[in-house]
Each structure stands twice: as structure tokens, then as C-alpha cells.
Amino acid sequence: MTSRWRAVAWGALGVIAVVALWELYKWAGPADGVVIGSERDGLRILPRTHDRAMPHVWVMIARLFEATSGASTPPLWLTVVGGMVTTLGIAAVGWVIGVVVGMLFALLMQRWRLAEWGLLPWIVVSQTVPLIAFAPLVSRIGSQIDRNVIPWPDWLSVAIIASYLAFFPVAVGALRGLSSPDAIHSDLMRSYGASYLQTLRQLRLPAAVPYLLPALRLAAANAVVGAVVAEVSIGMRGGLGRMLLQMAQSASADPALPWAPIFGAVVLGLVAAGSVALLGATLTKYRRGEATA
Amino acid sequence: SGTTPDTSSDSASGDFEPITDISLQLQWLPQAQFAGYYVAQEMGYFEEEGFDNVEIIPSGGDIVPQDALAAGDVDFAIAWVPKVLGTIESSGVELTDIAQVYQLSGTTQVSWADSGITSVADFEDKRIGSWGFGNEWEIFAAMAADDLDASSVSVTTQDFSMNALLDGDVDAAQAMTYNELAMVLETVNPDTGELYTMDDLDVISYEDTEGAMLQDAIWADTERLADDPAYADASVRFLKAIIKGWVYARDNPEDAASLVWDVASNAELAYPVGPTHQLWQMNEVNKLIWDGGTFGEIDSDSWDKTIAGALAAVNQDDQHLITTDPPESVYSTEYLDEAIAALQDEGVTVDGTYTPIDVTLTEGGK
Amino acid sequence: MTDSPLPTSTPAVQASGLERVFGAKDSPVHALSEINMTVGAGEFVSLIGPSGCGKSTLMRLIADLDAPTAGTLEVFGQTASAARIDQDYGIAFQQAGLLPWRTVLQNIALPLELHGVAAAERLARAKELAEMVSLSDFGGRYPDELSGGMQQRVAIARALATKPRLLLMDEPFGALDEMTRERMQTELIRIAAETGAAVVFVTHSIPEAVYLSDRVVVMSPRPGRITDVIDIPFGLDRGEGLRESPAYFERVTAVREALHGAPTARANER
Amino acid sequence: MSYVNTTERYARVAAPVVVGIALLATWWVASGIPLGRTQLIPSPVEVIASFAENFGIIAEDAFVTGGNALVGLIAGTVIAVTLAGLAVWLRPIDQMTAPLVAAIAVVPIVALTPLLNTMFGASSQFGRQIVAGVAAFVPVFINVLRGLRQARQVERDLFTAYGASGGQRFRKLTLPTAMPYLSTGIRIASSLAVISALVAEYFGGPADGLGTAIATYSKSGNSALAFAYVGASIIVGLLFFFLTVLLEQLVVKRKPR
Amino acid sequence: MTDSPLPTSTPAVQASGLERVFGAKDSPVHALSEINMTVGAGEFVSLIGPSGCGKSTLMRLIADLDAPTAGTLEVFGQTASAARIDQDYGIAFQQAGLLPWRTVLQNIALPLELHGVAAAERLARAKELAEMVSLSDFGGRYPDELSGGMQQRVAIARALATKPRLLLMDEPFGALDEMTRERMQTELIRIAAETGAAVVFVTHSIPEAVYLSDRVVVMSPRPGRITDVIDIPFGLDRGEGLRESPAYFERVTAVREALHGAPTARANER
């Protein structure tokens, strides 16, 4: 218990150290940064320190409590939280889709090696396709469906794109997890004449839990990143991604503003990954193997 | 199941159900650049023309208006002419410019007063900022006219702030008179503690170069115009409504700017640039629209210049914007003429000039 | 688990001309060849032989975890596959192979659960078995809370859950230290006697084979064959004292010699 | 000794090829689907033609993006290894970096590009390289940190028994033990670095590179060219992936245990 | 490795009143208590006792991998720490603990490398040792290409690399199957005799302890104490035949009884 508090204290110190480093460098460093070579074409190895490049930390924090766009608009933090809630919701849907799809792929690949050989390389390739390239495709298909088949809200497109990043770690992690039981366990199940589903339910799924949890956590972080980037690239309103883009517009005159959604994104990612970690806490029974294995 | 328009459309033979719900795709965020459309919506001009629902869809550069229109996602789109020309040539769709809202180009290239960049010829070997995404063609067209090719400058993609200019990362930044130019003027000069002024800057306006191209126009689906009398009818009514909106914005710039700002800041999570900035923008935009001619009319000189520029421009990847003339269908005055005629019958004046007002910018445009 | 009243004279295992060849046609591995063997009902038979001689392979054939390439195999007069589906045998391996997320009782009850036995009945039977392997107090514990010997006892209880008439054990005590191992051997003899099950027991340990079995089957590798069968005439009289008796040492020596293939002493040979 | 028979060896190659053909066929069919007045996606033929026609400039842009990714990958790896070394050496550093790494791991790093461009200059590639570096840092750091802790008790006891110095222990035990983890980390980081460098181009900086081109051409209706660039970015990503796999096989003889 | 010419009469290990208590003051675990023990130079001593009786702890104290909480310990007349730095002992554990990225020869040469022995000399010595453990043909192989028994032989060669006068072995054959184990035992006896090193050997196996040792030290747990020391009078005469001789069985029985704490036969006890 005390060691946990100590870890928290050191962790807090780490955050404080970064803040201190920021302010210290801002104070000591040259306004135009440190450039190797000519001022014009050289390589700037240390950043500029003026207020537009590196606002004071307290300015960034104070900005959170000022009106978002002046006048009677809500305080910035509230706006950011609004965006976070929207994006978190979408990311959660994307996560669920990604987990389901990833699990289906993993089950397929675990059951038939031919499926593994055929699919796995393409699953790896899929992650080298730049998200932004096909994000507009998804939204265009979405609006087509919306017009001709069933209502298809913008956020669903974003969720689908987010799931594209989320499914990957699940597919790979679950495949490893489902194949993780020792031959002896599979032999046992066979000796009991257990069916595929029984083996899955009693052996493979529980055994996959220690592999699945980190994969699900990674999937959560990926879903958030995917949702944010997808919002940017398909122009969905209301979420953090769009907010990042729009607030960057004001960076010249209001440099603290664009940092707010960045902080929001960090917190959002931590919340998402943390929720999955919490989920893991309910499955401790299935993680007993980890210690002994 | 719509209400009958209270101005009967004479173009229609009446054998169609009038369209009551339409959507308009903008090419940027809600701001005074699009004041006419928001005024039309807020002042009830769309309803007067028989529309129950008009959805105005902003973009952030993320939605490409002409693509949305071609895909059938929206009924009308605002887009710059050269961008649409490019799309028409490379994808083969047909879109029609039914009203050339902006008569003049608002694009400028802004540099610091001491840097000696006062004409396009001075671009050589300089770092030139541009947003890319199709906004760069005026630059390359202007350069082509000065016999500079894209490899003679280094092009930097600007983000949505003017930091690249402020920090000297580019020698000349692309800026719209109505938006990014103001962003600079809303920033405090650390040397003086005051806002930057026009004296600090050299501004090259593309309108003064061979590169000038036509900008915000209203685009409609060509085939649909031809095949669907209801759509053609709606186009005319739509033009009538937005002309009324722009006329209002011309005559009441302050009201229009604050109306846009209200819409933008009430629209869910829109974080608009500030009210003073909107007023500046309204003022500048009016200058581009009302240059003395009739609203929305396509000036053939400007059009030809646009086409010539588009044919001449070559980008940093050696790609041309277009290589042949666009099809005939690329613009039509039919619907605008009809709308204007109808409006004139109603006593609306759709030509004239704008008397600029004085706008004093504040820090951050607040 | 089967209710069909077979005559007790039906042998538990009856193998004839059994053969198992692994791998491709061009480079076959003859794991087993010409195996003829009968294990009577209630009989305790050990398989002993050097590593790779096919002990596990033979065990897996009997359990229908693998199929022979030639020969016939009957388990209680049925095919091996039918016997497996009928749960005629229970099986245990060198590693206990307990599911770490199940408690001791849940692990013991696993085969019953898979065969749809009602929860209450399952629990009762699991408790009874835990009692039998002296683990009544540990029913709610998880495998990682048990020592290796205790885990192995759970595995044996699990193998007995369906009241099989045949126990297949592949080096079940291989991972245990010698002292625990001796205790487990004693316990196994008791359990086998109590349940009346036939046992096929794979081991590397000569003393273990001698101590436990009615018959020791000695195998040699490449291809795996049965080279000798040695009867152990101790019957049910196998207390701790047996381990220190001359008769026991004599049988140990006999098996050792059968295994090493030469009856000569090898003192001072290097 | 491997029991791999020939049928299996063929199946291993054939299966992905068959799936690839199926994907190509799907693409072909999808390219025939109209989307309003346009097609949903350009057909494979158009894309390949466009790729061939513009190969020169595509390769140039691929070098820019690939170069940024490489710089980022190397820098991110070096920093990650150094920091992980410090973290295993000094527990407080481990605990201090934990929340920071957790934050970096979840933040959509590409969104930082505009801020980085302001800090480091919009006309240099540095912002993109930092983005690629940070993206690469995370998996390398996490894996190496784990790897540096994998030396088993027996092995550590042995080194104590031999009276080995701290430096000897690190060079001959801790580091070699961590090598397979390092290469796993780099393998994951490689494609991440490419994709991050590429996406960062969307957010400003010099107007070259694959990402800028994808954006430009997909927004000007020239989707065949845009997809040719997408193809190029997949190739660069895979190239990085396979190069790291190769490196792994050259440097690391044993698998992680 | 030390050049100081000590009289051969200096015992290899001399422990008196040795104690090791683990854990906090409020809940101490007495792993070892009152250990008095002497291992003469060149003597082969086995430690046997149930799991948890402190065998490994004692071994670790001698190796200076852990420090006693009371008592004195001398290794060749020096402190354990000095002996460790001097490389007076070689050590081997139950897991071979080979570094997977080093070849057999490189693994054997590791301790030499750490002590700055020149590459050529290292190689020569490693080859000689590989020869000694009959692995000359495998010098360039990696550990995962070897069987368990071969790996263990590499570990023993490595323990011998610095020509230590004391070998510490903690269940070095625990993970091997019985037949490989017997072969390794024979080999160990030969090597110990050849090098003249004293050996402290931890095992669970009674036959192993008897077969190998000059003396068997029997321990009991909680707190770990020495309960008995049994002399094994076979000297150097330990061929394979010994395993089948009555004298051998008699010693096995003696150790068994010392271990079980009671000299009575336990036939038919449950």
C-alpha cells in the first residue's frame, strides 16, 4: 500500500518535472530556439520559447477557465469536456466493433490454420494503410447508406474508422491467447470428448484472458486515436478531433487555446485505457496463470 | 409533401412536387465568408422561397464540397472554381456554376515589409506558404505567368494559424484578405507591444496578378438540373433566397456579422473566431462580392483568366490542374437570370457597390 | 460411465500389431512397431523405456488422442474412439494440467461438467474425490496455491471423476521430488485398489515401476517395441516396508537389466 | 527437425495469395459501384497506371516520408533504450516516467504536429520526425523495459557467483537478454513511424511527402493518383517492417522466452 | 584460481552456528538454524532433506549469494565473499542457466571471460572442458539445440572453468529423466575424481545421494537443521554395478530411515 503511494508520488513528481523543465527551458532558452547551421535553413534542435510556441503552463491552465470563444460562450474546460464525452462515446463504439471483429478473426484463424496463413499477413498490411486515406471513403459510403438504406449518422462512420485501428491488437492478441493453452490441455479436453464450443468456453477463452487484456487496452488507446483522427478527416462536428483542428486556427493570437484539446485527448486516452484496466481487475481469476506460468 | 412556394416559379410547368428540403455544403467553418446563406436562413428568406428545411453544412477542409455534391450528399455546394475544374477533369463528373458569388479573388501572399517580396517575381528561391488542398493553384498560375516553375520556390504547407509567417518559417504566407490577413493584424507585435499593422506587411493580392482565379461560387449537379425540373426550380428559389441574404449583408454588415457570430457560437461546439474578426471578414467579403456588377454574374474576362491560369499552373509534383478546357456545362446563367428577374419584380436591387466600413481589429479578434 | 454390463473378463486394453509412423513418406519416423499388449481389467501395468521409445505415443493411441497407422486396438472391447466418447478412461500427464482459473473442486468436476452432470451432483462427487486424495480442506483453493504434489493429486482426482475403469497416466509423478513422489505412489496404489480400475502407467523410474505394478512392460526405441515384460508378484501387499525389502531390490535389478539389455554388472566401466 | 511437409509449405504461400486475389477482386467490383455521379474508388487498373505514370515523383515523396520515418525510428529507439536503461537502473526514474509514457502512448500524437511546427519551425521536416520518433518511442520503450527485466534468477546468481562487475553484468547479461524484446519493439515501431510521419504531413510542414500528396490528390478529385500514393505508403510501411524483421534475424539469434 | 598455496588440510567449507532468518521481525522464517558442518578438501558431500528444509539457502550462503544472520562460515579459510571474488568455487543449479545467445564453448568460457582471461586461452580451456563432458562435437551449438542432459553437462563444464577447488551443485540433475540422470552421475563422479574438487551437492534423491557421496547430510525443515550425517564408505569404487549391490541398498535404506525420522518398516501403513 505504501509502495503504491510512493509510486503515485514519484509519478506526480515526473509530471511536475516535465512542467518544471518546460518552464525552465522557456525561461533560459533563446526565443528563437537553438538552431544548428544557418538561421534560415539550419536544423532547429531546441524549440522556440516565445509565448506563441511555448505558452506558460499557468497560462494554458488559466485559459481553461476562460470563455471558449469570448463573450458568453462556456468556459473552455467545459467545451473540452463536451468534446471528450462525444469522442469517448464514439471511441467506445469503435472499440466494441473492433473487439468483436478482432475476436471473430482470431477465432477463425485459431480454428483453421489455413485461415491464419491467408489472413494474418493482410491483417498486418492493413495497419500500414493510412487511415486518412480511406476515412473519407467510409463517410461517403455511410452517407450513401444513409440516403438509400437506413439512417447512418456521421459518428457511426467515425466509430467504424476507429474500429479499424482497434481490431488489430485484438485479432493478434486473441489469436495468441486462444492458441496459448498447452497441448496437454487440448488433449485433456479431447479425452473428455468435449465439443469445439465447450473447449472454447472452458479452455481457450479463459486462457486467452491474460493476452486479451493488454490487447484490449491497446485497442482502447487506438480507438481514441482513431476516433480523433477520423473526426478530423471526415469533418464530424462535436468531438475533440474537430476541436483540435478548429482551435489550431486561433493559435496565432490565442496560443494557449489549442493546448486545451490536446490535454483533453491525453486525459481521454488515459480514461479509455484505464477503464479497460478496470475491466481487467474483474477478471483476476483468469489471470492467476500469469504468475505461475 | 411541402408547402406551395408563395412565389410561383414560372420556369416550371407544374408537373412536379416542389422540393422543400435542401442542403448546402460550405467549404469552411461557419463565418462571415458565408454570411449570405446564414442570413437567408435566420431572416426566413428560405421559407419565403418555399423551403422548410435548409441544412447548411460547414467543412473544416475535411469535406470537399464538390465531392459531396458529386456524390449526391448535398444539393448545392460552395467551392472555388479552380478546385472544381480539377475535379471535373480528373473524375469526369459534371457540375455547374450557377452563381459566381465572389467576383474577385481574396487571396493574397503576405510577407514582412522588410523582406522585399512585393511581386510574384520575387518568389524565386523563397519559402512560400500555402494551405495546399487545392488552394495553391493561384500561386502556381501567377508564377507560371512570371515564368517561374514550382521547383524555383520551396512550398510549405501552412496550418490554420499564421504562425509560420510570424516565426519566419515562410517568407510569404498565403492569406485571405478576409481571414488570415486579419489573424496577423490581431496579433501583438512583441517589439512594440501593439498589434501588427498593415505597415508591417507587404501584401501581394492575386487579383492584381495573372494568377487570379474565381472563388466562392454556387455549384449544382449538371445532370440533375437538366433532368429534374423540381431541382431546377429549387435552384432558382435557392438563389433568390441567398441573394436576399447577401443584399442584407451588404446593407447591414454589422448586423450580418453579429448574426453569423451568434449562429457560429451557438452551433454545437463551433468555437468561431471572435466577433470583431467576423465584422472585418464581413466587410472584406462584401468588397469581393459587390464590385459594381450584378450579383453572381460570371464576368467572362475573369472566367477566361481563371481557365488560362488553370491550364498554365503546374505544381511541385509536376501535375497540371487541368489540361483541356472544361465542358460547356461548367457554368450556366439561366437560373441566376431567372432568380434576378423575379427579384427585380419584387423590387430587390441586386446590383450595386458596397461602401466599406472601418473595422478596428482587436487582439484575437474578440 | 457406461451402463452396459460388460463381463469383467473383457480386457481393459487389447492391442495387436499396433504401429505408428510419423512424418512424410520420404522420411518416416517409426515411433511404434508391432505392439502386442493386453491389460486386464483392474490390472496395473507400467511402461518403461528410454526417452523417445514411444511410451507416450502408445498412451496417446489408447486414449484416442492419436490414431495408429496399422494394427488393432480395443479398449473394453470397443474402439478407442468409442471408449473415449464413453469416458471409459481417465487420463493424467506429467504436468498436472489444472486450469488455473478453476478451484480444486471445479477442476475435479470439469469432466463431469462437460458431460452435463447436474451442479449438485458434480459438487458432491468432486468433494468425495477431494476427500479420496486427501485434499478436502483445499477444495476452494486455486492451483497456484498448491504444491506440485497437491496439484498432481488434483489431476488424479480429476482423472477419476467419471469413475473410469481404466486410468492412463503418462509420467504423472515425473515433476515431483522423490519424497513427495513416494507418498503419491502409495496413495495411487490405494486409490487403484479402491476403485478397481486398470492402470496403464508410463514412467522413467525403475523403483517406481516395480513398486506400483503388476507387470512392467519394457520398451526399446527406434522403432519403439516391447522387448520384455516382467511380472511383479507383490499383489496388494505394498506398504512402505516393501521399498526396503530384498525381493523388491531383486525386481528392481531385473527391470534394470531388462532395460539396459545386458544382464552383466558394469562396475568400473566408464 | 521439422515435420513441415510440402503441401503445408505450398498452402502457406498460396493462402495469402488467394486472399490477396480475393481482396483485389473485391476492390475491382467496388470500383464499379457508382457513388452519385462518381465511382466509389478508382479501379486497380487506373491506380496501377497512375502509379507507373508518376513513379518518379511518387518515389521522391516516398523518400521524404521514408526518411522522416527513419530518422524518427532511429531517434525514438535510441531515446527509448536509453530511458529504459535508466528506468531499470533507478526505480524512481521508472516511476516518474510511467505516467508520462502512459500519456504519450494514448495521445493522438499526429495532432501535436501544428504545435510542434510552431515550436520547431514549419518549413523543416523536424516536426514530422519528432512525431515519428514519439510514435516509435512508445513500443520500443515498453518492450525494452520489459526485456531488461527478463534475466532469470539463475543467471543473475551466476553472475554474482562469478563476481561480475555492474558493467559486465549489463553488457553480458541484461542487454543480450533484452535484445529480442528490443527487436520486437522496433518491429512494431517501424510501421508506426511510417504511418505517423505520413499522417503528420496532413497537419502542415513542407509540401512534399506521401501524406501531403494523398491529401492533395484525394481532395482534387484525382483519386487514382491519391490511391497510387496510398499504395506507395503501404510499400514503404512494409519495407520498414521487413527491414526490421531482417535486422532482427541478423542480430538476434534467440527468440524471447 | 588463487595462487596462495594453502595446506590441503584446510577444509573447503567450515560452517559453525550458521543461521538464516528471512522476513520481517514480526513474522520471521527460520530457514536455517544451528548449522555446523565441515566439508573437507576433495570430499563429496550431499545435502538431502524435504522441500523447504533450507538446502538451497545453505548452498547460497556458501556461495555468498546470500548472507547468514548469525554464525561463521569459512570457505578455504577465507570469508565466503573473498572466496567468491577469488573464484574458489564453481556453481551449478537445477536449471542449466545457459545464456541462449552463446554457443556451448562461449557459455563454458563465460566465467573466464568475466575474469579477463585472454581469448585464446579461454578457447583452449573451454575446448578441454567440452571434451571432459563429452561435448567436443557440440562446441559451436546453441543451448536450444541440446537436450536437457547435454545442457546440464555444459553447466557443469562451466562450473569447472576456473578450476575451482569446490563445486556447489543445487539439484543439478533434478530436471533430467532417470536414465540420463544415472549417466550424469557416473560422469560427475569421474570429473570430481579427475579434478580433485570438493563437492557440495543438493539432491532430493536418496539413491543419487548414496551413489555419489562420501557423506550424506540429512536435514529437516522449520527451522532447517542437520539431523543426521551418514558416511558412505564406497570410496572411488562406484561403477554401474554398485547400483545393484546389497551394500548400496543397505545405505539407501539407512538414508531413507534417517530422512523419515523412524527406523521402523512401514509396511501396510496408510
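Miscellaneous remarks
The first chain written gets the first letter, and so on, giving A, B, C, D and E; residue counts start at 1 in each chain.
By our rule, a contact is a pair of C-beta atoms (placed from the backbone, for glycine too) under 8 Å apart; a residue touches a chain by one contact, two chains touch by 3 or more.
Values in this document were obtained by computation on a predicted structure and should not be read as measured data.
Taking the definition of touch as given, a chain qualifies here only if it contacts chain A and chain B alike; those chains are D.
With every chain reduced to the mean of its CA atoms, the largest distance from chain C is reached by B. Which two chains touch most often is answered by the contact tally, and the pair is A-D. Distance between chain centres (mean CA atoms), chain B to chain D: 40 Å. The geometric centre of chain C is 51 Å away from that of chain D, both derived from CA atoms.
For the pair chain C and chain E, the distance between C-alpha centroids works out to 33 Å. Chain geometry summary: the mean Cα position of chain B and that of chain C are 85 Å apart.
Along chain A, residues 48, 52-53, 136, 140, 144, 232-233, 248, 251 each make contact with two or more other chains.
Annotation for chain B: residues touching 2 or more other chains are 64, 67, 71-73, 159-161, 163, 167. Touching of two or more other chains is recorded for no residue of chain E.
Interface of chain E with chain C (complex): residues 50-51, 174, 177-180, 186, 190, 204-207, 237, 239-244, 246, 249, 253, 256, 259, 265-270. Contact residues on chain B toward chain A in their complex (touch as defined above): 29, 58-64, 67, 71-73, 159-163, 166-167, 183-184, 186-187, 190, 265, 267-275, 363-366. Every residue of chain D that touches chain B in the complex is listed here, in rising order: 35-38, 54, 57, 61, 113-114, 117-118, 121-124, 201, 203-208, 212-213, 215-217, 219-225.
Per the touch definition, chain C reaches chain A in the complex via residues 60, 63-65, 84-85, 87, 89, 91, 93, 95, 97, 99-101, 110-111, 113-115, 142-144. Residues of chain A that touch chain C in their complex: 182, 184-185, 187-194, 198, 202-203, 206-207, 209, 285-286, 288-289, 291-293.
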